Structure formats: structure tokens, C-alpha cells
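For reference, the structure I am asking about is given below.
By written order: A, B, C and D. Residues from 1 in each chain.
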Amino acid sequence: MPASVRPPRPTRAEFVHWTTSTTRWADMDGFGHMNNARYFELIDTAIDLHLQDAIGGAVDTLDQIGLFAEIGCRFFQEVGYPAPIDLGVVADHVGRSSIIYRVGFFQGGSEEAAAEGRAVMVYVDNTDPARPSTALPDVVRRAAESVRG
Amino acid sequence: MPASVRPPRPTRAEFVHWTTSTTRWADMDGFGHMNNARYFELIDTAIDLHLQDAIGGAVDTLDQIGLFAEIGCRFFQEVGYPAPIDLGVVADHVGRSSIIYRVGFFQGGSEEAAAEGRAVMVYVDNTDPARPSTALPDVVRRAAESVRG
Amino acid sequence: MPASVRPPRPTRAEFVHWTTSTTRWADMDGFGHMNNARYFELIDTAIDLHLQDAIGGAVDTLDQIGLFAEIGCRFFQEVGYPAPIDLGVVADHVGRSSIIYRVGFFQGGSEEAAAEGRAVMVYVDNTDPARPSTALPDVVRRAAESVRG
Amino acid sequence: MPASVRPPRPTRAEFVHWTTSTTRWADMDGFGHMNNARYFELIDTAIDLHLQDAIGGAVDTLDQIGLFAEIGCRFFQEVGYPAPIDLGVVADHVGRSSIIYRVGFFQGGSEEAAAEGRAVMVYVDNTDPARPSTALPDVVRRAAESVRG
């Protein structure tokens, strides 16, 4: 993507729900920084913890589950072990059956994100083996609205 | 992204370099399919194996290393353990200091991708602790050109 | 354990069931060899693939599941990416409700193992939330007997 | 191992150095509890954090590095996401070139460990490609002595 249209590096002020995740020695790759796949372990955890905080155990009893249709991450600055990482979550879009989340990575007190995840979550009917898309459950919609930017 | 502008599901014919990766029990998550972070372990391996096939051990002696500026994955159909996954690599764009790769996931003989990764790799000068971006090393550029779509 | 009582480094001849697993860039740690946790992803996969080869889909319909009571690995020589790893499985002990497996790691044609996993698997009744231990299902017992050393 | 000789389930009082690690959605496997390989990510992190607390950045400038010769884990009770896990470290043995650590896993305030890791760490000379074993660096020996049980 040309630099001119690349979205700017986000700051803490853009995010609504926060959690802090510890890092692990195994997060580091052969170059001595966090392996790219590990960022995605933190992205889905940050989104899920927002959901658990908003909904509680109710999420486990729903017939609908949220699956990622698309997920990505932009990397601005390396993060690494052993410092913990602050993860901020915001919902950019809440649709009929999908939610677009962004997750900001902040390490060491910086106001500017070291990385930014973006996830398109689609709700499907888990009672049907074909898992067709379905409207957001009300509790999920309310949770997502509570973290709108 | 609205369905109307979402790029179509890719097919095997779009990819140039191929590798096959075995799957692991630990790849599966609580929903019984491949955890989203695990896709990214396969994306960077597929790209790296293409580089190794094209360049060989030479890549380890370069002063420049390729880092991901951005990486993402679109999910079309679940993949899982224990079947292996065919991974196709194509370079969509080869710039002065960056390459955009796509990686297709194919499991079980299907012609249509189960998922598609997209990675923006930027080369940096690893001899400078600030790791500034640098022109693609010639061997890397030639390797990338050899997998143009 | 004193060197004098440490079991010797095993060889390919000791193992019965074989599978080959590809390695991943993310398997490497900050020291440039396979992170110790990754060995355990291959240990449980090797054991499970033996079970699937012996039993097939039947394992998924059983009311009993095998859980690890104890698992370990001895490391003799580094293994790493990108070469694949041959994994050999043998059952050292088949008891009333438990099986002790060993898994040998071989990379690059060596006759001597680079590492050896050891796993104590206990079968539990998955229909009871307390998951009490239970006798090995007959199909599991026959499978384990088929890979006795 | 017969139950009669199996070491008892350890308690918090046996451990000296403590850290708390957050858990991740990706830690869970297809059975809905922590995948066995993930325990080992926490074991080496707990040991390394003890070292960093005792030695600080000095560990990165040493010519010697500690490698695992053997590592294992006994599982007593399932742990899982999303609660954090308290990890206790104790050195059972400090030898000329090796240290035997135990790491206790405690979740949810229980006094009894949910799991116990055991790691045999051997120091090697990292300036020699053959990585021969070497005497413990003084700072490492003092650190290990400070967490003797």
C-alpha cells in the first residue's frame, strides 16, 4: 500500500477496552523479536476478553459463535519479551452479522501503537454443521456497541 | 469490506511456488479447527521456503533481512488437522524495498483456496540497529520476480 | 539424573510407528533452534497419528479420551527448521488404564535420535465431568499393543 | 510410574520465585483445556524471569547460555483460559554445569499445584559452535542458589 494512503499509526486514545498480556520467551523468533503469528494470539485474546467482560459466561451458552472472516496486523515497531503488552480494543463497524474490530499493541508506556490488528468477525449458527452466517446475538451487539470508537 | 468489493476466492492456478506443510494436533483450537494464529506460521514458512529454494543458504549471509510491515489472512473454509496443507506463493508486487506476497491454503485436493494470506515484506539493513529500509538485495529481487503471478 | 543412570540415546530401530512432520519458521527460538515447547507439539501429534492409523475415525466416537498425566523430553542434539523431522513411536508399557509412549526425533538421516519424548497417557471417562480414569478402550489397547517395542 | 513412588502434588510453600502469566485463547486445545505444549512455554518463561530478576541484562552479555537437557511436566488438574496462572520456581539441584528447576502451576488461588514442570538446564559455551558444557557462570550460580528450596 503506498505510504500516502496507509492509515496513520494509532494512539492509545482511539481504543476503548483494555487488557494487559504478559509475553513469553517462546514469543521471540530467530530475529529476537515477537514472531508475527504470536501477535494474532494476542489479537483474538483481546477481543475475546472484551466479550467476556461485557457478556460474561453467557457467551458460552449461545447457539451462535463468532468466526474470523479476515484478520490482519500492521507492524510499526518491534515488541518483545519480557515486558507485558497493553492491548486496546475498539469496534470500527457493527453490522447485521459482522463486527470489525481494531486492536492496538502498546509496550512500555508509548502513546503510539507498536502494531495494530484488524479483525472482521462474522457470527454463524453453530447448531447447523454448515455454520451459515446469522444476525449478531443481541448480547454481542450490545457488547460491540459499548466499544465503538 | 462489502461483499461486492471483496476479492474473489483464489484458485491453485494463481500461485507459482508450492510447498506442503503437515498439520499438528496443537493447531486446533477450542472450536476444533485451525486457530487463526497458526495460519500465519504457515504463511511465513511458505514465503521463506520459496526464498530458500530460490536463493539457498545465501539468504543467511545477507546484511539485509525481510520484515513484515503488514500481514493478513482471509478465511473461506475451515482447514484442520490431520491432513497436510498445500501452500502456494505468488508475488503480486515487487517494489524498490518491498514485496507483496499472497499465500494460498489448499487442503484435500480442492482447487479453491480455503484461506489466503497476504504479506507486505520490507527489507531493512540489519547491520544498523535502527533497521532502516533498504533496497531489495539483488538475489531477493530475482527470487521475487521468479514467482510473479 | 547422574550420567551413569541416564538411559542411552535411542536409535531408529527402537521405534515402530513412523510419521514425518514438516518444520516451521516459527518453531525456531531466539537461539536459532527449535523452541522446547514445539517438541511437545510433535510428540502429541506423533502419538495421535499412530492412533488414527490404527483406529481411524473410531477414536472420535469413544466416550473415553486419553489425557497426558506426565510428559517429558530429553534433548541430545539440536533440530531445526527447515528440514522435516521423522518421528518414531513405541509403547513401552500398556497398563489397565494407561499407556507409556516414547517418541524419537530424527532429522537428516541420522540413526541416533536428536531428542526423545516420553508420555504417560491415562484414559478418562469423558461422559463424566470429573473425568475419572477408566480402563483402556479395547480399540486403544489393541492399537497400543501393535506398537510395543 | 506406580502411584506409590510418584512424588506428591506440590504446594505453593515449596516454591521461591514467583511470576504470574496471563493465558491466551490459543492456549486451549480441541478438548477445551490448555494444550500440553503450552505448559512448556510457561515453564521456560518462569525460569528465565527468575534469572532476569536475579541477574538483569547481564545474562545477555554472557558467553555461556543455558540449554535444556531434559524437561518434563506432570499434570494434576486442568488449567485454562482466561484466568492467569501463578508460576513458582525452585532450584532442586545446583551442580557444576547444570541446574535442576521445578516450576509449579497454580490457578485460582489453590494451594496445590495444577501441574509441575521439571527442567534440567545445562550451561554451554556459546562461543564454540559445538557448544560444549561449561561451568555455571558465577552470576547464574548465585541466582540459582537464591531460589534453592
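Assume contacts are C-beta pairs under 8 Å (C-beta built on N, C-alpha and C of every residue); 3 or more make two chains touch, one makes a residue touch a chain.
Quantities reported herein were computed from a predicted structural model and do not represent experimental measurements.
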{"item": "Comparison of A-C and A-D (more C-beta pairs in contact)", "value": "A-D"}
{"item": "Chain of greatest Cα-centre distance to chain B", "value": "D"}
{"item": "Shared interface numbering between chain B and chain A [over half = same, under half = different]", "value": "same"}
{"item": "Averaged-CA centre spacing for the pair chain B and chain A, given as whole angstrom", "value": "22"}
{"item": "Rounded Å distance between chain A and chain D, as computed from the means of their C-alpha atoms", "value": "30"}
{"item": "Length of the line joining the C-alpha centres of chain A and chain C, rounded to whole Å", "value": "34"}
{"item": "Interface hub residues of chain C, defined as touching at least two other chains", "value": "25-26, 35, 37-38, 40-41, 44"}
{"item": "Interfacial residue positions of chain C with respect to chain D in the complex", "value": "1, 31, 35-41, 44, 65, 67-75, 118, 120"}
{"item": "Residues of chain A that touch chain C when the two form their complex", "value": "25-26, 28-30, 32, 35, 37-38"}
{"item": "Chain D-touching residues of chain A, taken from the complex the two chains share", "value": "20-22, 24-26, 40-42, 44-45, 48-49, 52, 81-82, 84"}
